[in-house]
Structure formats: C-alpha cells, structure tokens
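Below is a structure I'd like to ask you about.
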C-alpha cells in the first residue's frame, strides 16, 4: 500500500489531521452509475462516531460528510449517481478544543506514534494525535459506504467477539443484536458482562483490547489473484493498517495451526449451477488467495490504547525522563469503534478486487 | 500488492509454475553497488529446499539459481555488484516427473486452489499445483537474500515456535539451535518432541499446522509511513501472501487484546544518542506504523496442508461427486519450509521501506 | 499514470468538476520540513487564472487556495512547514453561473470530450465541461508550487513560443519579458504582433493553437531511470495529460530527426568537480532517460479550442444531427494559460524523480 | 511509469543487458484463454531484428524467444493458451562478441547514456551499451505481440514517414508497401530515394534521424480516462521511453498549433448504432484522453544515433578530455527498427486501457 492510499482500481486516498480544519478522502475508480445517498454514508459514519456511549471517547463531532465531486444528483432528495470521476468526501473538524498542547507536543506518550513520527519526520502535528489520530478512520468508513455499492449483493458486517479475555458465545450469535448494544456485540448476554467490565476499566482510567470479526457475504467466487495480489493478503494489509491493530486472521486463523489436515479440509459436494457446496469454511472463504463464494471471514486484534490515567515512564523530545499520564477524553476500548472501520476496509478491498477481476477476466461474477 | 509483484522501490515480480521449464523473479530498484555472492543466495535457497529431511516433501531439486542481469562481476569468484538495473534470478525446474496428471487435472483437492483457479480463469496449469505451488516461494527466498544486503546492519531470522499445539518454551530460546534440527526450532528439547510427533503425523499420512516467528534486528527507527503504508501493514500483507498462511501478528498480536493499557505500554527511558530506551517490546518494534528501532517481531500461522492420504469428499470439474486422496510426495508440515520464506518477505518489506523512507525524508538512518 | 493521480513518491491526486462546490488535490510524499507560503501558491495560481486579459476567458474566480492538511504553521504569517503527511489543497468554485445547461447537456461539442465521456461512462457532468474543464489545471499549478520547493535550486520557467504560425525570435529571448505581456512571451516584439493577431481571432469568434516551452534549470544530474521510468518519458506523459495538448518534444525534438549524428551530438569537455561541460544541449538535458545536469527543455503543442462562434456539424445524445456553436466566455488561445500548467507538470515530475533517485541511490545530488 | 515496468492491468517488466546471458520480460495481467503462437511472437521479433539489411546494425542474433510460464499448450503445434498467470518471455544473447571493452568502459560516447548512468549509479555495464542498449526493445516487441491478442479486432501498424528531411508522400500511402522495403516505408517511391540517401549516410559513417507513425485500428470507443490516465498521455510516455525518441505527437500534433478552431474541429454526423461518424480525425482518435473509435494515430521522432565514425570531443571517467569515435557495427538510422517497437508500445498501452476500462465500467466495448 502507498503512504496514504490503498487499492488499485478502487483507490482511496485520505488526508487530514485530528485538529486541522477538515479531513477528507478521494475515491478514484468508482464505476459510473453507482447510486448512493448521503444518508447511507452518514449512517455508516454515525456507527463509528465517538461520544455515543460512555464506552467511547466523549469527543462530539457531527461528522457531517459532504460529497464534493464525482457525482450527479439522482432523482430523489440526497441521492447521488457516480459519474466515474473521483469522488471527494470531506468532514469539517468542529470540536477542536482550543487547549494548550505545549505539554503533549514535547512529551512522548508510550505506545503512541508520537516518538516515531518525530524520529521519522523531525516535525509532527501533535494536536490531538495529528495524522495518527483515529479520526482518520472516519474517511475509511465513508469510502467503505461507497465500496459496498460497487459489488452487487455484497453485505459486509462486523461484530466485537472479545473484550479483554471475555469472548462471546458463538452459539448465541445473532447479527441483529449488534445494533442493540453499544459494543456491536452479537451475543446479548456477553454484552451485559462487557458493560459491567468496561465500567470498571473506565473508572480506573485503564483500557483494554478487543477482537473484531468481519464477515462478508455475497462475495462472488473468483475474486483475488496469485501470488501477491491475494484477496486475503490485501485484507490482512488493510486491517493491519487500522490504528492499534496487532493481528489479523482469515477463517480459522491461528487456530488452524493446531488442526490436522483432515480436520482443516473444507470438503465439497456438488452444488447448484455446477459450483461446489462446501461442507465447512475453515478457510474463511478464500483458497489460494481467491474467493470461493463462501462468506469471507476475517478477525483482527486491537490493542488497548495507551491513553490511560496511570502515569507511565517516558522521555520528552529533549531526551529527558518524564512521566506521562493521559488527561482528557479517551476510549477505554478503542476496539469498539474499530468494528465499522474493519467492515469498511474489507468492503473496500473486495470492491477493488471485484473491479480488478472484471478487468483481467471480464466475465460477470455471480 | 499487485498480482505477481510487491514492493514500491524494492519491487519483486515473480513468475513460473511448478512444472514449467523454470521459475524466476525480477528485482527492480536495488541500489547500485550492493555486493552479494551467488553462494549467499544459494545458502538461503538451500535452507528452504525440500527433501532435506523426512519431514519435508521428497521432491529433489538442486534449486541452482542463476543471476541473469543487473550486476557486474565483483573482485572475487562468484561475487556480484549490483548496477541499479533490474536483477533477474532464475531456477530451472529439473525434477518435474513426467507422470500422468489427467487425474488431478479434473478433480479438485479440498483446501487447495484447484477449484478457485478454475472458477476464476476457466483454465489452470494443474501440473504439480502450477502457479499455486509452494515452489514459487523459492524466488521469494532468493529476492530476500538480496534485500538483506540493502539495509546495512539488518539481520532477519526466523524460527518455528509451534507445530500443532506443541509450542516451544521461550525460556530455552537459542537462535543457534535453529540450524541444529530440521525444524528451525530454537528450543532443542521441543525439537525432539516435534520429531516424534511429526513421525506419527507422517506415518498416518496426515498433516499439521505450525506457527513461525520472524525477528528483524537492526531495523533503523523511522521506517514506515502513515496511514496505509505502515510497516506492519506491509509485513502483514507480505506474510499473508505466503501459501497456507491464515494469520499474522505483530509483537504481542492477539494476546495484546487481553492486556490492559498499563501492561501493554512500552515504557521509555532516556537512551543513547538522544533516542529512547524501551523497557519492553509489546508493540513488536512498530508504533503508528513506523519502526521504533527495536527488533521487529512478526508471527504467522500456517495451516496444515490438505494433501493427505485420507480420502476427502470433493467434486470434479464436471460437477460430479468424487473422493480425493493425495498420492506421492508431500510435506507433513509445510510450516517448516515457511521459515526462510517468512524471513525473506520481512526482509523485502523492510528493504522497500528503507528506500521509501530515504526517498521521502532523505536522511541517513541509524 | 493512474486515472486521477500521477507521480510515485511525490504523488498528486486531483478531484473536482468545473461547476461542483470545489476542486482540490492531495499531495502525498512531500518531504517534511519543506517551507512554503500561501502567497507562493497563490502567486502561481494567479498566473494561470483566467480573466486577466481580453485574451483569456472572462470567467472570474478568486481561485483562493486553502491548505487543509499536512502542515504546521511556520514562524511568519502565512508560512507553512510540511510535516510529511498528505497536503490537501482546495479551491472553492465561486463563479458557477446558474445558467441553463440543458442545451449543452445533450449536444456534443466537436473537439470536446463531451461525446467520449458519454460513450465511456454513460453519464457526465456537463456543466461547464465538468471534469474535463481546464479548471482542473488550477490544482496542477498549486501542486507544482510545492514541487518547486522540494528540489533545492530548481527553477522551472515557461514561455509561449508560437501562437498559430507566428513564432518568436529566439535571438530576442528575455525571460523578464514573460511577465510584461499577457502571453508569457519572452520576445517583446512578437508579443505586440500576437496582440494584434489575437484581437482578430477573438473578434471573429475563432481560436488558434500555440506552442509552449518549459525550461528547468538546476536539475541535478542523475535524475531519471531506465527504461520506462525515464525522466523524459514521465515529462512527456505529464505534459500530454494537459488539456488540448497534442504533441511533446524534449530538446531538439522533431527537428532532431532531420539532423545528422555529427550535428546532434552534444560534445563534452572536462568541467568542474569532475563533471563534463557540454558544448551544446540538443538532448534537452536528458540522455538515456537520465538528467545530465544541463537545463531540461521541453515543448508542447496546444490545439485551438473547439469552442468557437462558427456553427459546426455535430450530433446529440439521441443520435440526431445538430449544429453546435459555443456561446459565452471562452479562450481564443488556451495555450496561453497552459504555460504555468506546463511549468507545474515539469516541476512535479522532477520532484518525483528527485525523491525516487534519492530512494534508490541515496546520495546527495548537486 | 516505474523504472523497468509499465502498464497497470497489462503490466510489462523487462530486464537484461546487451551482453548478459539473456534478456527477458514478465507480462502480468494477461487475461486467461488468450491464444497465441510462438511463431506470432517470433514474426514480430523478426521484423525488429537487426542485420536484415545494410541499413541496420550487423549484429546477428537469432532472437529466438522462449515462453517460460503463464501458458498451457494449445491444440496445435506451437500454440499457447494463457492461464492468467504471469507470462515470462526470454531470449538468449548469442552474439556477444568477446571483444575488449576496456576502451568504451571509461570513455563516454557523446549523445549516449554512458555518462548519465555513471553519474547516477557510479557503476555501469558498459558492454554493448548494457541496459541502455536498443536490445532491450526486443522484449517490448515480444510483449506487444501478446498485447495485440488481448483486444479483439485491434490492428496496430507502423510506418516510417521521414528519414532526415525526406518525407513520404501521403498520397502514395500503401500499407502493403511497408513489407516490400527495408524501411517500413508505405510509399514505394520514397523508399527508393531513402535507399540511395542512406547508402551515402552509411558510407560516410554518419547517421540520421527519422519519424515513425503508428496507426491503431479497431480501438473501441471509450478507452482512456481522465485526467492523468489519458490514453494519449500513456501513449506519449510509452513512445518517449523508446531509445532515442525525442518527440511524440497525437493526431495532427504540432501542426494543430497552427490551425484555427474551425479547421481543427472534427465534425460529426449521425452514424451507425447511435455512434457518431467523424468527418475528419485531426484529434488522432482521442478526445479528452478517451478514444473516439476512430484510428488512434501517433508519431514520434527518433534522433540520429551518436555512434558515428567521425571523432567527437568528449571526456573519460577520470575527467580527461578525449576524442571518441564509434567503431564496429551500428545503425545508420535507428529509426527504422523503431517501427515495430513503436507498434508494440502502442499495442501494450491500448491493451492496458482495454482492461482498465473493463474493470471500471464493465461493459463490452465494440
């Protein structure tokens, strides 16, 4: 992936810092005549938006997105039709508190990019995390909303499957539950446990990690490519590029390492239209880097944010020993808001591969 | 990543099928005046080469690499000096047994790319796995041998840390041991257990997965880039592109999800040359996508190969139900040979980011 | 080049239509700590801005550019310092006259992209030319203003050398004259002839083509690359991407085809610092795709705009025969405003190659 | 374009030096099930091959190409069917005379890349021009042979239209003549004049430039893209990347600069299938960067080679003044062999845009 861009035919470039005037993205390569509404983009953004519960940062941004190019108005209010030219999306930054950043400017927060940005560039926009702020992920979500429209029949959903070491019970998985609790939890009972657990984390100013699972249904068989353009390789790169992500799995992932070949094989029986029916999906819908037509399943691990109330040892930009403690608003579990971001990344990667496959092979995928 | 290429400034393109006349790669962007010997490339290839123990496939290939372009002869026998133009490497395929492939041509092996290649392309080189064969990874290893020379001081090593559910004991980790057993195992005692265990797996014609860990020492601080060009995102994509890999972790990886922010923070104290000393390395040497100067640590999970002696249910190209059993040579644990491949991918990604960083920022990294 | 992006390490992506809310660009890869002022960007934009004389379109836009990301404030008012993250630039569209476009929407102007956009995409923003409007070139100029800062000592200047078949007299070439007339003409006497000539063209509602010459001084020797990444190949692609450009030359260009090898050779004598002094510059500062250290010289031909008052035969979107005549504001010679655009493209290409060379070779160029 | 690669979806990477063991290329992205024969590639190579007349260099190479990957055998002898994986092509270098290169190694030939390669890389394969030798263009021609198969109905032809200042008479243009003379001249009478003229040039050890014209018929309307991915921009970059090319034109090219808008407009009348009939083709088949469906017409100027028998002033690698005279085989007019090379580049660019258009827009072009 390039510095601030990803994708080949469906290519997303983002820009903007946490406390600059705005953030934005350009989506190049959207097919013409794709219809979408501002409300659809906004709905995805609202799912990611912080400040919606006591479990995410209290920053309050309307996150109102504008579509600045690449569209013609559709027939109904708020509908757009893509023209095939670049779609520019933009969100004003409205909640940049005019606080004094001189403290954070010179003191490196452990576990944050403060120190590495300074080492690399010798200069850094330290206000609110600058470019490394999770605020950038809003543009991924906006781009993902359009990506979802590019592949007919594609449905990408995400759920939180673990907070700390509390995992959901897969037997109780119900997608509908993910919108009934502030955690995108598909298991109503676990959501209750998490609420209690996270209240404790939040009250002691601590933080905790999480695991997110993304499932893409309706992915046509045949997307992806040998050898480096594998669908799973691009998904892995895309998910690992999300802030605080430290691990990515496809299908059974690390658990597959402990399986035997007999148990891991996804057997096949003759199915409809000459396509095989798979009897299991250990592979997560991808074989040899190419989609099988089954659901594409990916998981990623989000580390606990280092923005905590307990002082940690650090250094400042002058090389002095300092103690750093994060004040102000923060997320006790940044993994929660990563759910719609992960969905968006998977949607964008699939849209890109959908176009790439159509370019090379040129057949209609079903 | 592109279909058969990866990297931006250090860009590797591979080609070739398992049973074609040869396999090869082109490395574009190597700096001029990089010195390397044929023996150094060959030594890396020999580590990956199958047929070296009863635990890997018995295919016997000399894997003798030729350097066809991009170099001038050095002062000593077998030494090359890069000229800055593309380096083409090539290995003849010498052990393509002239067997009858009509069986495998039409019957899809479960867990293999047979079916997805056919669905995607409508045509496939089925001989020995064709393009999806692990044979392609020889060229990754060859390219990695040159990548190692691009970054002064870079040392990339790998080890197998789990076979099936038998994990090494990290307290016994000794890099020297990795060349004392056929498993790249850094723990001599576990290597003995693995030998016994894998003998059983092999005798019953089964297979098992594994976990590989790669550690890169000597990575200068400052490599990587926001937001999509993160060093860890490119490592994740690169490792996930290796055959049979289903999961990738950086640093603590999935385990980080269960940590608190206090435990996960890598605290800092003033170090030499104005750079911080880190008191731990949960992050795996990467913060915000940029290297810290600590060792870069990545792990990946390799699934058990589906090439097993137990018949599995499948379909053929005509949509008929068939049973498929793999005959002939195969690896009971393909994860073993993935160790040098993983090293090579990490070396290539770091070399690419080394050049990219130098391009944008233009300072000498230490 | 990608659809709406160009460059590898200094990468520019533009977006926006003539009559949308705004146009903009993202510049990814600018080195950190590059200093520039808003006034410097604005000054370049003002040179390109229409409506400054009776020889260019009377559209009146302030073309006030905003810097939305990628910078920290400098010490002086209006100064920015790049941080190494993407720089987003944006200009509001303020002079979109709310006229009725239903006529132009369906009738294809000969020589314009109306018909090809419709054939390709099946939909088109027809208002003011949409994406194919020359308005997009404002963002090239803005990006070029920053590119000029990336390469120390680089000076890129342009001049109009022909309007119609009236060529300047090179013996009278004076760069200072280019800012004394509305044509960027380096020859004061020819400027007077052009004024008279263009008045006639304008009065009869006609248009005429032009030839632009760009000279880049201070280009370090060693930029460019074999074989497809040649500096001249990228300049040619970049200049040909400017609206209405139909030809590109480097150095002697097409005239070189009529020379003998003796006359075309740029002989060398020993120069300072071990570098050769060249006795001529037929090659335009580039040999084998790599800069020699001499001035880089490029020329491009701009066709006459088809927006003229004389009716021309055409068809409409329903396939009917129609006559089309352009009403309203237009440029009698679009080549004039192409001068700063050509400068910007050359500056961007050189900046990109400067970073690419530094990445691969890693030495300081002088 | 990247250093040694071009194209996005139909991507060609070449490698090899004039006097190394071989040259080769990898073509990534060819659609599956494209049929071609070795004879078809060889026929194109034979057109480019030197030593076929006294007007081109007397180097004698069989230039026998091998197909090493990416194909399955077709039904007939020598037929291949692409599988969608990378196609590797390779030609052994068989006529590397074992001469003493110590002279040329240190003395820079004026007008050649000797000096710039040395300045850039500090090392250079000087044997026979190394990477900058025209020998590399054989791989372009080979790749072009496959590109021609990718776009149904595409016919790309080239002709030499000027040698020195002797231009053909377009009224006598006959494509069939281009294979009746050693110059690819479409005008039999001019071919006779050229023969006499070139004999003189050759005898006095001089050289002369030329102009090549490429015409692509059967290009579907709708290929290309705004703004930087214009079809003509990519053709310009591709042609300018050919050795010794100094100028590129599309359609009327530089002559368009002298036309009025009235004369330059390609008027339209209703045609078949709802598509316009164009009454002229000043634009060379491309409007706004997108193909109109008319023939795509490009021209390029090739400078005279500096390899001449007359001594020219130069310097050596130590900075001493020397006189350089080219001994041995050379082309009096390198523009002749550039004809099939130019065809190949245009074919590759069109194939790439054909796939890119199909990726984004997804309709069958006619």
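So that you can tell them apart, the chains are marked A, B, C and D in the order they are listed, and the count of residues begins at 1 in each.
The criterion applied here is as follows: contacts are C-beta pairs under 8 Å (C-beta built on N, C-alpha and C of every residue); 3 or more make two chains touch, one makes a residue touch a chain.
The model shown is predicted, which means the values in this text are computed figures rather than measured ones.
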Rotation angle superposing subunit C onto its copy subunit D by C-alpha atoms, nearest 5 degrees: 180
Pair with more cross-chain C-beta pairs in contact, given A-C and A-B: A-B
Separation of subunit A from subunit B, taking each centre as the mean of its C-alpha atoms, in whole Å: 26
Intercentroid distance (Cα basis), subunit D paired with subunit A, Å: 45
Centre-to-centre distance between subunit C and subunit A (centres being mean Cα positions), rounded to whole Å: 38
Shared interface positions of subunit D, touching two or more other chains: 2-5, 8, 14, 29, 32, 84-85, 120-121, 131, 226, 360-361
Residues of subunit B that touch subunit A when the two form their complex: 1-6, 8, 14, 108, 110-113, 115-117, 119-121, 131-132, 136, 162, 164-165, 201, 206-211, 221-230, 232-241, 243, 246-262, 264-271, 274-276, 279, 282-284, 286-293, 301-308, 310, 312-315, 319-321, 335, 357, 360-361
Interface residues, subunit A side, partner subunit C - complex: 2-5, 11, 13-17, 20-24, 26, 28-29, 32-33, 66, 68-70, 72, 81-88, 120-125, 130-131
For the subunit D and subunit A complex, residues of the former touching the latter: 8-9, 29-32, 84-85, 226, 355-356, 358-362
